[in-house]
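Contents: one structure, followed by commentary.
Here the chain labels run A, B, C and D in written order, and each chain numbers its own residues starting at 1.
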Amino acid sequence: MVLTVKQLILNDAIQEIIDNVLSVSGELDPKNIEEMTGLLQSSKNVFVMGLGRSGLVARAFAMRLMHLGISVYVVGETTTPALSPEDCLLAISGSGETFSIISAAEIAHKRGTKIIAVTSYVDSTLGEMADLVVHIKGRTKIDSEKNYITRQINGKHQSLSPMGTLFEVTSLIFLDGLIAQLMIELGKTEEDMKARHTLIE
Amino acid sequence: MVLTVKQLILNDAIQEIIDNVLSVSGELDPKNIEEMTGLLQSSKNVFVMGLGRSGLVARAFAMRLMHLGISVYVVGETTTPALSPEDCLLAISGSGETFSIISAAEIAHKRGTKIIAVTSYVDSTLGEMADLVVHIKGRTKIDSEKNYITRQINGKHQSLSPMGTLFEVTSLIFLDGLIAQLMIELGKTEEDMKARHTLIE
Amino acid sequence: MVLTVKQLILNDAIQEIIDNVLSVSGELDPKNIEEMTGLLQSSKNVFVMGLGRSGLVARAFAMRLMHLGISVYVVGETTTPALSPEDCLLAISGSGETFSIISAAEIAHKRGTKIIAVTSYVDSTLGEMADLVVHIKGRTKIDSEKNYITRQINGKHQSLSPMGTLFEVTSLIFLDGLIAQLMIELGKTEEDMKARHTLIE
Amino acid sequence: MVLTVKQLILNDAIQEIIDNVLSVSGELDPKNIEEMTGLLQSSKNVFVMGLGRSGLVARAFAMRLMHLGISVYVVGETTTPALSPEDCLLAISGSGETFSIISAAEIAHKRGTKIIAVTSYVDSTLGEMADLVVHIKGRTKIDSEKNYITRQINGKHQSLSPMGTLFEVTSLIFLDGLIAQLMIELGKTEEDMKARHTLIE
């Protein structure tokens, strides 16, 4: 099989994502992760929130938390109740400056709800407000400029991971890793999880 | 920094996902990909569909197609119109046997709408109905049994990637690679994509 | 103020809806309603379901049930768990023949979950499967033919309540009436409901 | 059939809704409605928005606009693009002060997108920002106090239409009336609408 230029672009893009995942994975702080799984388990309800594709990542995580038997709600869905001081809010925002996320975090803060931020910018508004911050590197502004110059030199003008792609995919994989962690900590098997999986397909 | 057992589980789970992505990426057929990007570009409208977390992957892909200026709808969302023979339906289902996906594919087939299947089982009902099949390996049943025995021997009884996780995450990364491919083919820059990105955050 | 023809059409359409609501309201069976509020209160979880605009009506009802402190889920939303025999499924379908509703009802039936049908056709597939049927008349097929002829004679070719409009709006108002009923039965005040209303706007 | 107290509550609640609909319907300004249907037809795309149950009303309206062949998007759904100056934003908010609605309206205003407000408060922040305001009376604060006293005297402590119920249902019926109006203005039949209705059920 002769590889075409086309496939190389797709494979390059996939490699760019994997490189970011590996880089983030290598820098994770075990204590930080332990605090996060602890907070997710001790909260009465977990609320998750994100805008756009970060919101889809939040939902994918929420689905697995539900399978684990953790009481979880997606902010903005139909039957999501009010926040309480015994709950925690997991907010996903690459920039940490998404308007609706910040204003939700402010409401959570006033209610005494604990906030977990998943963001590329630890010192963003969201990062500063959070009780616990998980740092998920995406394409930083500096990287993006560097790439731009390197790519111009190499004749590649396009980014292979447009907008928040690196942050979003890396967050999803990190959170799926956290699910594996929670399965062990909670002593749940895949069979337990399947038993809570919706039957309606 | 001393790595705890806890972090190893999370990192093992992440590695399991990356291994699957690399394995799928290495086996992609350039001709298959070329046909897929061709069909996505030549269709009047692209409809995407998936159940559960596969549905979230479908949405994440649809968002980027919209950013590229391709007319795209998510089956089941409010303003999604009827299928026509000039459209294509991209259906994501690991098993290829998801009930609601099959019945939607049957309706699409009757209307003369082209079907793209993203599935782990090329010879599933969905795979057999599709005009184009992209094979995204997940955890196969055989693997899962093998793992079960190996893990029992090693004293690890839990799966690190429960249910459809490997298929879902690998599909997302494959489809994000396809977006990079489409950017080049359509001559779109990230700036073009940002111009179509929703302003309301 | 001189009324234009345009406003008359809009007001005629509104009147057509009100007439249907009053007609349905006048024929409600108190015993049927008592059974329904009883089942909603005694179920461990209430699941609601509907397709298209009927699905929006189901969500509007679910939101108020949540405000009343009843554990309620919308089928298809992110964190909706599996059905159990202690739950009930409220399915809204004008025709009572909507494909995905029927197949969900079959799954519910097998699980031993009680089914409440809100439909215009008591003897439809959904109606026959349900433990409790609430009859909400919409525009029947006979009415629609009659109207067609009458309207041709009168030079009005258009329906003022296209498709499921009468059924959907009447169902919403009926279910909002049921919320008033449940407030009294549960001894809940508006303040109680506001306390559970989402704070994030 | 002997009417029980229970049914009277439900029927009283339904009557309260109908009274509000009739009152609003009687005060509609034909010129206002003509401007609204004109703006909906002349816009390149219509964007609809609402929070909670008002958001469901917005979606129910959007579905019918799509059936009429008008290009329409729901703010926050997956494939909704950026606003442009040729578009209009229909925002539904009883109070006219919903935080996320106001901030979306500000973005729309900056982009030169026309704003239609459906609200109970013409002089609210949203009402003041809008190019066109449709006044849909709900339960006003004064009414609510009056009711409270009257009801205490009468021994009825509960509201029969909690929170935004009157506004939401009345808005839905008004907008369904507008669909009838648009059918005539656009010369569309129910058959035309059915042809665009999703086939996947």
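Here, a residue touches a chain if its C-beta (ideal position, glycine included) is under 8 Å from a C-beta of that chain, and two chains touch if they have at least 3 such contacts.
Nothing here was measured: the structure is a model prediction, and the numbers come from that model.
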* Can we say the copies subunit C and subunit D touch using the same residue numbers, with more than half in common, or are the two sides different? -> same
* Across the interfaces A-C and B-C, which one involves more C-beta pairs in contact? -> A-C
* To do: Round to the nearest whole Å and give the separation of the Cα centres of subunit B and subunit C.
  => 35
* To do: Indicate the whole-number Å distance between the mean C-alpha point of subunit C and the mean C-alpha point of subunit D.
  => 18
* Multi-partner residues of subunit D (each touching 2 or more other chains) -> 59, 63, 76, 99-100, 103, 197-198
* Given which chains touch which, is the overall layout a line, a ring, a star, complete, or other? -> complete
* Structure fact -> subunit D residues touching subunit C in their complex are 1-4, 6-7, 9-15, 17-18, 21-22, 25, 28-30, 33-34, 37, 51-53, 56-57, 59-60, 63-64, 67, 98-100, 157-163, 165, 168-169, 172-174, 176-181, 183-185, 188-190, 193-194, 197-198, 201
* In the complex formed with subunit C, which residues of subunit A make contact? -> 59, 62-63, 65-66, 72-83, 103-104, 107, 111, 195-200
* Structure fact -> The subunit D residues in contact with subunit A across the complex are 76, 99-100, 103
